[in-house]
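Each of the next two complexes has chain A plus one other chain: chain B in the first, chain C in the second.
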Partner chain A sequence: MLHLPSFRYLAPRSLSEAVGLLAELGAEAQLLAGGTDLLPLLKRGQLSPRYLVALAGVPELSGIRTAAEATVRDGSGLTLGALTSIAELTRQPVLRRHFPVIGHAASLIATPTLRSMGTLGGNLCLDTRCTYVNRSPLWREAAGDCLKCTGDVCRVAPGDDRCWAAVSSDLAPAMIALDAQIRIAGPRGERVIPAEALYRDDGLSHLTLSAGEIVVDVQLLRPTGVCASYMKLRPRASFDFPSLGVAVALRMAKDECENARVVVGAVASRPLRIAEAEVILTGHVPTAERLSAAADAVHRAIRPMDNVDLPPGYRRQVARVFTERALQHALRQVPARAGANGALTPGRQN
Partner chain B sequence: MKSTIVATVPPALQVDDSAPGDRWLTVDMTVNGVPRMLRAPAHRTLLEALREDLGLTGTKHGCELGECGACTVLVDGQPRLGCLTLLASVEGRTVTTVEGLGTTAEPHPLQVAFVDRGAAQCGYCTGGMLLTAAALLADNADPTEAEVRAALAGNLCRCTGYASIVAAVRQAARMVAGGASHPRSGAQG
Partner chain C sequence: MSSTGSTRTPDFTIIGHRRSKVDAWPKVTGRANYADDLPFAHLLYARLLRSPHAHARIRAIDATRALAVPGVTAVISGADLPVPYGILPVSQDEHGLAVDKVRFVGDPVAAIAAEDEETADHAMGLIVVDYDVLTACMTVDEALSATGDPIHANGKANNVHKRVALEFGAVEAAFEAAAHVREDLFFYGGSNHLALEEHAAVAEYSPDGRLTLWSSTQTPHYVQRALAKALQLPERRVRVVASVIGGGFGGKTEALPHEVAAARLAMITGRPVKCRLSREEVFYSHRGRHPMHVQLRAAARVDGTLTGLHVRTVLDGGAYGSYGVASTYYSGALPPATYRLPAYRFEGARVFTNKPPCGPKRGHGTPQPRFGLEVLLDKLAEDLGLDPLAIRLKNLVAEDSVTVNHLRVTSCGLRACLERVADASGFLDKHRRLPRGEGVGLAASCYLSGAALPIYWNGLPHTTVHIQADRTGTVHVACGATDIGQGSDSVLASLVAEVLGLDLVDIQLDTADTALAAVDLGSYSSRVTFMMGNAALRAAENLREQVLCAVGRELHLPTHRLILHSGQVALRDERSPIMSWPDALQLTQASGAVLAASGTYAPPPLAGPYKGAGVGPSPAYSYSACVVHVNVDAETGQVVPSEVWLAHDGGRALNPTQVEGQIEGGVYMGLGEALWEEQSFRGPLHAGPTALDYKTPTALDMPIVHCLLVETDDREGPFGAKEVGQGPLLPVPPAVANAVYDAVGVRVDEVPITPDKVLRALDRQARGQPARHGPRRFPDIAYPPLTVVEPPAGAPQL
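Then we have the complex of A and B:
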């Protein structure tokens, strides 16, 4: 049977206490929110922290606020506490109405029970995953250990001196596409960063959090005219982490796309913004040809590794298809208006 | 009556030092309507506590990694995976296991329907299926087949008896609608 290794349990009652504990305990501590990512890592011996700091009793991390007090440009912002359950993200009426892509991406995570246990902050900070490391100790020992777990070589790309484990959050690409802001508390106070800046392309340390820092909440702003979509590829329709995730967001003004975000998950250690695709869309009428060109740009830009479910070549092909479909889906959400100049008609079904 | 149960202590864990945090915890909870106090190591999971400390072996060890649903129990009426829930996190909460859903003399409508439909083959997933389904019915008294399948998406049956399981859940919903009582339904929290 798989037992948890022993650890010391701490349950801070405030954010300042939690930050203080993390700063004091340093690298020997792990944060526990829903536990659905951390506990399997502990059971498989991928991590062996001396301390677990449980966040459930930290009130500052809970709740969804329509944010009069947050840094809002247009008065329609929303603040999602890091401890908000993934299931809650799928249910929240205000989220469903203004940011449906978040609820949709959340609904594609794991299973109903895991969604009601797992949290927003936990999904954003989900450890990177790889077929060579998310295994039993016996399997890892037989295959030879890897960079991410006490070994000294990457089993996916043995010639490289880095870990290629894949970012596996479904919410991260969607949050980056919406230009969400992440509020972080740490020993030196608070800072707010774009969601994109939470990540770096290093499978061993893919979060840019410094020692003692905790994700507090996610702030969403809604400039008018933004429509977004997320598509996820995985072997089964439940349980599985993404083999590929594509999030897009378009800010439309009349028939033109003013601003575009195209973000791909599970093909690198961080969610990748595909600048080439964004440039193709920005400042233009999103014709079928342009969507196709943007999808081609995604296909050119990504290099999936053979480290999660489904073959890399297939995932790259599907990234092209998903980008085009996600863009079409996003455009259908633009409030109905007569299309012109060959633009895909917003509001059209199918 | 309140009983205190102390988990069996591996000798290596009895060492204490002055480091911060607790290596051992005392947890108060209500299990199937009975108040319980457990003293256990901080790394005890709810699944281990239920089976090994309280002897409630209806909750099954499956994958132990959150990938099968066999260890599903209700915490305050909501399905939780016992293998990924620390005992420490259920302090003050109400836990319902399959033993608390119904009795042989007075089964829950879901249990009656599972028997009627032959919805248990080897039976290993059944406890988790029943509790997940009980929470669904508490939330949605008349689920469609698609809703039942979606709600049970995290409970694997390796006998692959899903068709009977889905039919049994819908039959139980009809039984409840027709006036069947649900004794001590944990899904009410």
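Then we have the complex of A and C:
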């Protein structure tokens, strides 16, 4: 039986109060949303914050809003509050209709119980994972502690002076592929960044959030001609974090691909956009040869480490297969159309 | 899940009928008290400090700072438990806490008791252990070639724990004369039981010197013996009570360090002490499936008749003996009880390594050679142009026969199992005929209905059932047997209720308590239904006889005209009730009887005339056959088992629902070992000692399972019953491997068959190389000279 360490539990009632607390307490505080990622880290002694700032009572983080209520760049999108549960993402009719890839990626996360507790913001901000760090104190002592805890060497690549822990969010690759925007509140006000810019390739600190900043919501633009797909590799049909996640989104204009996004998760500390693959697809008719070439580009571009489930060489091989399949799957979908059928119903959805 | 049962014998009112288990309600409503739920006043909580080194000498242990923490009541170490113990008389190599040396990461070094678990956890971190780190041996090869400190000082050279070499019949002659010889290497990865309930125990020591341990154990009797030895108490002053148990599968089949340490701490503190393991600690407690190297060589005629078999095994034992000597023998015991073999050679060895000790996981030492043998038969059939069903049917062991290695076979439904499973699955229509990416595989197996010999040599019964009735009509049944979820309490109540014509609710059970019930050796080797069942029948029949005699005397009716039925004494022919059960009991008691009866069971003498003959004999063998249908993604190597048919001859199904539950559980566990689960290591460390990292299949990974009950009526089994707890697991892993081959034409000769292995074999196939993934060499081990054993009269001959 693992026990939680002692901490003070703070329950702000507003976003500004939460931001204020975070800014004031600094590194001593951790945000608590669904807790499905944080609490195991605390129980294993990977983190020992003096304060947990619980977000459950912060109204600004809840709800799914369509454009009429939300401040969206071009006024025609959908805003998902950071506290939206992952289970809710799998159920939302408006999401299923317009951004089915999000509900699909959400449905592949963890288990039904964990999806009920886990949140969108929590999954996007999920700590990076590594077989050498998500372990008990005894195990870490026996292995010799690593960079990500209190040690000074990466056990996965001892020659490197960085941490290679893998980004393990299933939603992040899909959000980046869809060009989602992330709204962040902080001590110096709000800012909106592309989902891609939320991450950097550093296992110790893979989020670009500054001290005191909180992810408020995720804004998705209404798709025009975009079809997307996400494929997840894991040993079992449930429960497991991704060993590999491949998200693709193609904006099609007639037969031609106007814009392509190919994003790979769980092979680095951040989701990787594979520019080489995107270039092969963008501005071209996506023939079988082009899909295959894009998949080859992914295979060449990634360098998985031996730090999550399944061997790295295998994951790299499957990345090629999954990229090709994800592209094929995306192309099989009828692109969501703008206009009457595609119009989002204004109003709060939950 | 579907099932096809055979026709019921109409005379039974309980046996053969589908019923809920007697403990179903408390379990599904959360009222069952597992060891961790038991309430105690003034309870202390114990934690075990575990070694961070795989192999090290302990120079010193300093608990001063831990003892100074408020709330800490005691710290003990190996010095407090100097007397070694072990489940086998030949392997007394364990201490509750390490003495002088630690032998794997997780080996317990000290135990601490405190007012609460958090305090114990915190203070445990203040115990300072000074280690002298030694070279660790993490594989069989490393252990065999080690030049440093041996893992056990008194062990044999090169960390070899046990070596066996036995020969039955003219093996060399068989191979020389063979039209076809097939040889292959296999590897079977180790696995944990992953019982849902983590181990827990509470110990209490009374001021007058009596120790009681409540524990999630499969074998209270053996734990009693080990505690008495380790703690130097008379056995009669040690009571062990098995609490409600959330699964065992062989992981709770001997005294374990947390039990011994909790008991010592209770003796020192005078207060009840609880020690419960985390999931990670369960992986260190282990006693799971031995990783095993298997080399097989088979001789056959052109028509597929097997003329000889040579089995070589090397077991990666982990750090302690546990059941390992028995496991070693088991790795060679059962092939001749499945297929008719006129000549058989078995060489086996177990090697110590610096890993958690392996032990008797479900199937105990037999799934590994079974995997190899059933895959080898698939290959042999292909070599000879036969189908996998035909080659098996050609070589079936005969009913009422004796094997070349002196095993007595009584009832045998293997032919029916194979035919039923092939028929139900459409095996012959599908085999080699499905599109690429889909395949079917077949395998067969057998298992014991209880080991015929006890672990420590004695002439006592293996089990005893006491029945006591009272004038209200209630029947108390006491037996040391332990229900670990397999349903033995339900079997016990059903057998007694059937004989006495009562309903299950009228039977009160006192089981799994060394103080309340006579010895039953425990829930291992699939022995309980067969042995406890026979004892229960004898006891119940004895009581029935007393009651019917008394009633017959009173009513001037011959006893043979009376039966017990529906809570009444009735006339056999008309089934008309003539006296209620309570009235009959009162009449019997008034006549001077004590309303008590006992029954015992010991298997007949079955061991052959050679050293090691104690492992393998059983009063009856169960038989299984399995077909697995898989879908294999030829681009990713992912294998999805999509449908499983499993036919099992467990004798008469006492409760078909319980039998199917065991079959489904066995299929589940077999699929886990075939495709996902492995107790693997990264350097000296368990690769992932959590339920997230250890890949037991989820509900979504589980295919449809068709349970086919093949009911033989075993003449020595209770109402004809045999075992079902372990057998159905055995054919599953080889059936999966054979199905993968059928689907994509690659052989993965080791389990688990993970997608990366399949893909590597597929890559080789694409390059025109041999489409196989599996071991290429066998450990370099020197087996002892062969002991040549004369086959028994009537054994199969060339």
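Keep this in mind: the second predicted complex is superposed on the first by the 326 of 350 C-alpha atoms of A that agree within 3 Å, B and C clash if a C-alpha of one lies under 4 Å from a C-alpha of the other, contacts with A are read in each partner's own complex, and residues count from 1 in each chain.
The rule is simple: a contact is a pair of C-beta atoms (placed from the backbone, for glycine too) under 8 Å apart; a residue touches a chain by one contact, two chains touch by 3 or more.
Predicted, not measured: the structure shown is a model, and the values here were computed from it.
Touch criterion met: A:Pro235 reaches chain C, while chain B stays clear of it.
In the superposed model, A:Ser116 makes contact with chain B only, not with chain C.
After overlaying the two complexes on the shared chain, residue contacts for A:Arg97 are found with neither chain B nor chain C.
Within the superposed three-chain model, A:Thr36 lies in touch with chain B and out of touch with chain C [touch as defined at top].
Looking at the shared chain after the overlay, A:Ala54 reaches chain B, while chain C stays out of its contact range. In the superposition on chain A, contact of A:Glu24 is made with chain B only, not with chain C.
In the overlay built on the shared chain, the residue A:Ala11 is in contact with chain B alone; chain C does not reach it. Looking at the shared chain after the overlay, A:His3 reaches both chain B and chain C.
Note: residues 1-3, 111, 237-239 of chain A belong to the chain B contact set and to the chain C contact set alike, using the contact criterion stated above. Here chain A touches chain C in the complex through residues 1-3, 111, 131, 136-139, 141-143, 233, 235-241, 309-311, 313-314, 317-318, 321-322, going by the rule given at the top.
Residue ranges on chain B touching chain A, taken from their complex, read 13, 19-23, 25, 41-45, 48, 61, 64-67, 69, 72, 78-81, 83-86, 88-89, 132, 150-151, 153-154. Remark: chain A residues 1-11, 21, 24-25, 32, 35-36, 39-40, 43-44, 50-52, 54, 56, 110-114, 116-117, 237-239 touch chain B in the complex. Chain C meets chain A in the complex at residues 50, 52-53, 105-106, 117-118, 121, 125, 276, 278, 280, 635-637, 676, 682-689, 692-693, 695, 697-701, 754-756, 759.
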